[in-house]
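Pasting the structures in now, so scroll down.
Common to both upcoming complexes is subunit A, partnered first by subunit B, then by subunit C.
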Partner chain A sequence: MNAINIFQLDGEDIPFRQGQTIMQAATRHGTYIPHLCWHPDFSPYGSCKLCTVKVNGRFGSACTMEAQPGMEVENRTAELDDKRRTLLQMFFVEGNHFCPSCEKSGGCTLQATAYELKMMSPHFDMFYPDRPVDASHPDILLDFNRCIMCGLCVAASREVDGKNVFAMGGRGLLGRRVHVSSESGKLADTDFAVTDRAASICPVGVILKKRKGFAVPIGERKYDLAPISEQVKESTP
Partner chain B sequence: MNAPMNTAPSPPRKLRVATTSLAGCFGCHMSFLDIDERLIKLLDLIEFDRSPLTDIKHCGPCDLGLIEGGICNAENVHVLREFRSHCKILVAVGACAINGGLPAQRNHLDLRDVLEEVYQTEHLLGRGGIPNDPELPLPLNKVHPIHEVVKVDYFLPGCPPSADAIWKLLTDLLAGRTPTLGHGLLHYD
Partner chain C sequence: MSDTDKIDAVLDRHRRDGTRLMQILREIQEQIGWLSPATLTRVAAAVGWPRAEVSGTASFYSFFHKRPRGRYCVLWSDNITDRMLGNADLMDAMCKKLWLEPGRVSEDGLVSVNTTSCTGMCDQGPALLVNYRAVTRMTQARLGEMVGLIRNETPVAEWPAEWFEVEDNIRRKDILLAHDLVPGQALSAALERGPEEMLAEIKAARLRGRGGAGFSTGLKWEACRNAAGSGDNPAHYVVCNADEGEPGTFKDRVLLTSYADLVFEGMSIAGLVVGASSGLLYLRGEYRYLLEPLESALATRREANLLGKNILGSDFEFDIEIHLGAGAYICGEESALIESLEGKPGRPRIRPPFPVTNGYLGQPTTVNNVETLAASCLIAAHGSEWYAQHGTEKSTGTKLLSVSGDCERPGIYEYPYGVTVRQVLEDCGATDSQAVQNSGPSGVCVAEAEFGRRISFEDLPTAGAFMIFDETRDMFEVARNFAHFFAHESCGFCTPCRVGTTLVRNMMDKIARQHGSPYDIDELFKLHRLMQGASHCGLGNSACNPVFDTLNKFRPAYERRLQSLDYEPAFDLDAALSQARQMTGRDDAAAHLATHLPNGAET
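On to the complex of A and B.
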């Protein structure tokens, strides 16, 4: 059945096809639902919880919940954006997110989402965890200080590149992290290539191409030009 | 007794503003000065108390305190507490005041290792030994943002916040509004 169905997102009619999630339908319609771990090219992972919406009065993840006819979905309400801002603040304190020295600044999904949600401070006490940097690969730098565990590099390497270079592992808040699947744990000892899908999937500044840093001047970077909520696309790099 | 009263309204009292740079680079102060000719308009509305611009050494009662930089040594803590106790409104200005910034990038290292490498072992750096003059404030084990030490009323991110962002914050506060920064003014870098 390809009949067009409708649900309501913040009072607006959103058409969808059976089987589409709330996030897919909203994105197709050009309506922004804040998210970090969801990517239009990959199946939902549901870890960041930023896309939490209220469906008929109950919380649900827009990236995993299938749209149904007649649903009434709240998205950009003060209540939900307040909770999203708190989630963002937790992301910012549990990693080392120093935007001024990060090559991804201006093109970073975490940063742009925090701008969109008007995050003015980290609010909580900073963790300042000790996280490794892996510069072993000739073309790629890995800076895990900025990792938000979205799992996109794991999915891209597995599903598109067929390489399984990255894996989520470890336990606990400070133990769980993305690992590189090689005996040494170093990226240089894998068959990872700069042309891999996983090399350009990272929404934050973990997987960086060497010799490309700060190529776009301040004022012309992706999210200098327009806020993230005005750049909703069905497929992003 | 029945002399006509002067009905001209007296000009509003100037707001008293104090500023300081703790573990910062004075970049935020430079950006403040970057509001250029608007400074002249601003000086009709505010007067400075303790600030690098006045060289007043201690803070009196103030309406507004602007703090640049995080907390990296014992003196920073004393200055910050002095500001908090004298300022009705305290603003964390810039990345370092808000999340520790560049100085906080030493936080995953052992402080003694850092001091030894800089002052003793690294042959291209100074070899005079770790400074221990009693006048020097003791460094803290870790660098902290100021909201971990005192209550902060408003935050102005940026490295540095642009002159326009600083102007927006000041004009909002002077007009009695809650400061808000829209797209282009809210930046973490």
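On to the complex of A and C.
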């Protein structure tokens, strides 16, 4: 490793390879930078802005910004975590997130990140949007009430499954949503399969496998076992 | 011809090329009224795109209809300047006469009436679009007549021609608007210089982008020129950004109406410099009425050998194509504009890479403002030394201002850079002005004490909007109008802008309803700080500017609406719990909220 290829993350030395983003290098090092739309297996999307860090005093997204030698990056400072908490609250009010009745509870990245950042309430008035549920597919339920627009299902279906079942479209708070690739808009009318990578990529509880809801009991789920900041991995199975 | 035949004809004309999706969808809609699910499926199959992507694009743009629209679709321009000219009352009256609720299509499918973002007619409002044709200077009398024509289903083409007249309203000319170049003169001067020398001339003239950011045009062209094309079809592209969406701006409308040759010639010069043979002009959908005149101006230039192969006897080859937008402010951002040119939703790209290396179709692309390109003709013809004599040290040349609002003579004013705000106000006959919104909602609100400031990159940079508010105007309502604008135009990609613009809008509405408290003002500041730092692009970064500026400069406009000036939340949760305490017979410390929550647990 080239000794010059090191940057500072909250005062800690982080080595990196040329071309790696701040997020990739930190993840490889085992250091947690909060994130929702980034996934180690896919190219960065840059939409959630949870990964906002301060690089040499200026704000930037850790998932899209390439690491440079000697950068000084602030990550878990009070100022940044405060902004992240507000972003999380934005997610909670723009969708319909009823954690107690959600089968993803305990395995949900949004919920785990909110715990990690000690978000105590949604703070803003809830928007209560009218979002559809699609139970048409024999093996999959889509509950868009929980969508955080991370684009991971789009990327997984396109890049891994080679199917393009999903696309992000529409504009603004009311319009932007995941579009399903069929004239009816129903998942059953696509070639989506429960074995697709896209079927198990959703970080929240939108894309759910039917009849699997409580296979792992609450209390033993991923983020019940350890907080999200202690489960930093370069790739997920 | 059946609908499917019409669809197929459009698809064929565009070679079933998905990157031309915007044009395909618009032309289909112009012919058959709307974009039905079956239409989108057919289009997707023809261009070979996933259907979800086609519907994703169709639902991004305000002017595409995925549900049947009224045979008459009336959209009132809703900029603050239209409001000041009374558009709300007119629209109200129209809805009453037609028995309509805004935004809904009438039961018989005849008509819908709604608002749209600024249509670029602020100097001759109240303005509207009817079936995407621009109408200016609405009055009660015109309104009555218009309702009659709609009821009788008179085709829009047979409506009185004067309703569709758009005046230039040029009030002050300087070197650009008073130019005496004939078509081809600047281009032949550029050809004579050759690309390198022409580039050097642009750099020496210190020309900067007129879209507001003020990036050096010479450096941009140079970076584009030096970048290599890649892939199977390596090429360089020139894109003219005529997506003039900033509310209060209409100078490009005038340039494209009466100075189109200058704009096309500027694009050609840019093409010569960067090594492009293809130019695209992205025209905002609101200016649909300019498409045919611009097409015929292009045809004339082709005939005169100013476009095409062997231009003016040289080996330079260049042609220009016009693409229409469809109602999305965000497409003024250069990378979003390129996405739109490629048939996709106008979402700003992650940068780097920048368009100069990876732009249209992944190729090196220079995106320049209409006015910048026009100005480059002056430099080609008269040289950098002459050009740089005008304006100031860091802002050479002149700037077109779109003056609207409270003044006697709204319209286009061209000044050398360095002119004071006060001078402009004097020239346009503005009296008792309390503020000027410089460069539109995303710019700066200039209060009276600052009227000595100068329009220039050194002091007050501008994309051209100059909206004047006299002392009778309520600056809170100005900011609230802009808050609604940004909430409507946010592309929705990144969280801080998608949700933040709506939160800001809701808070402004809450204050307007007299339900606000100083707490809400703190919240507005907090959202401003978040959105400014964390948003993906300039829209989110600047969306709170008008609120921030008016809060700092016109605080009383907010404060007289607040319930109390003490720091108390509008809703007292502990008091709301008193009933519950009564019912349970508890009054211990833990039954009180204030003592229960750890301090600072919430932010």
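Note that the second predicted complex is superposed on the first by the 232 of 237 C-alpha atoms of A that agree within 3 Å, B and C clash if a C-alpha of one lies under 4 Å from a C-alpha of the other, contacts with A are read in each partner's own complex, and residues count from 1 in each chain.
The criterion applied here is as follows: a residue touches a chain if its C-beta (ideal position, glycine included) is under 8 Å from a C-beta of that chain, and two chains touch if they have at least 3 such contacts.
Since the structure is predicted, the reported quantities are computational estimates derived from the model, not experimental observations.
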item: First, second, both or neither for A:V232, with subunit B first and subunit C second; value: neither
item: Partner chain in contact with A:D130 - subunit B first, subunit C second, else both or neither; value: first
item: Subunit C versus subunit B, contacts on subunit A by residue; value: C
item: Contacts of A:S121 with subunit B and subunit C, given as first, second, both or neither; value: both
item: A:N164 touches, of subunit B and subunit C: first, second, both or neither?; value: second
item: First (subunit B), second (subunit C), both or neither touched by A:S181; value: second
item: Touched partner set for A:Q111, first subunit B, second subunit C, both or neither; value: first
item: Which superposed partner A:G46 touches (first subunit B, second subunit C, both, neither); value: second
item: Subunit C-contacting residues of subunit A that also contact subunit B; value: 118, 120-121, 123, 125
item: Sites on subunit C touched by subunit A in the complex; value: 37-38, 40-41, 50-53, 55-62, 328, 330, 345, 350, 487-496, 498-503, 506, 526-527, 529-530, 533-536, 597, 601-603
item: Complex contact set, residues of subunit B against subunit A; value: 92, 95, 98-102, 104-105, 107-108, 142, 144-145, 147-148, 152, 154-157, 159, 180-181, 183-184, 186-189
item: Interface residues, subunit A side, partner subunit B - complex; value: 92, 96-102, 105-106, 111, 114-115, 118, 120-123, 125-126, 128-131, 218, 224, 226-227
item: Subunit A to subunit C touching residues, read off their complex; value: 44, 46-50, 52, 59, 64, 82-83, 85-87, 90-91, 93-94, 118, 120-121, 123-125, 127, 149, 164-173, 175-176, 179-185
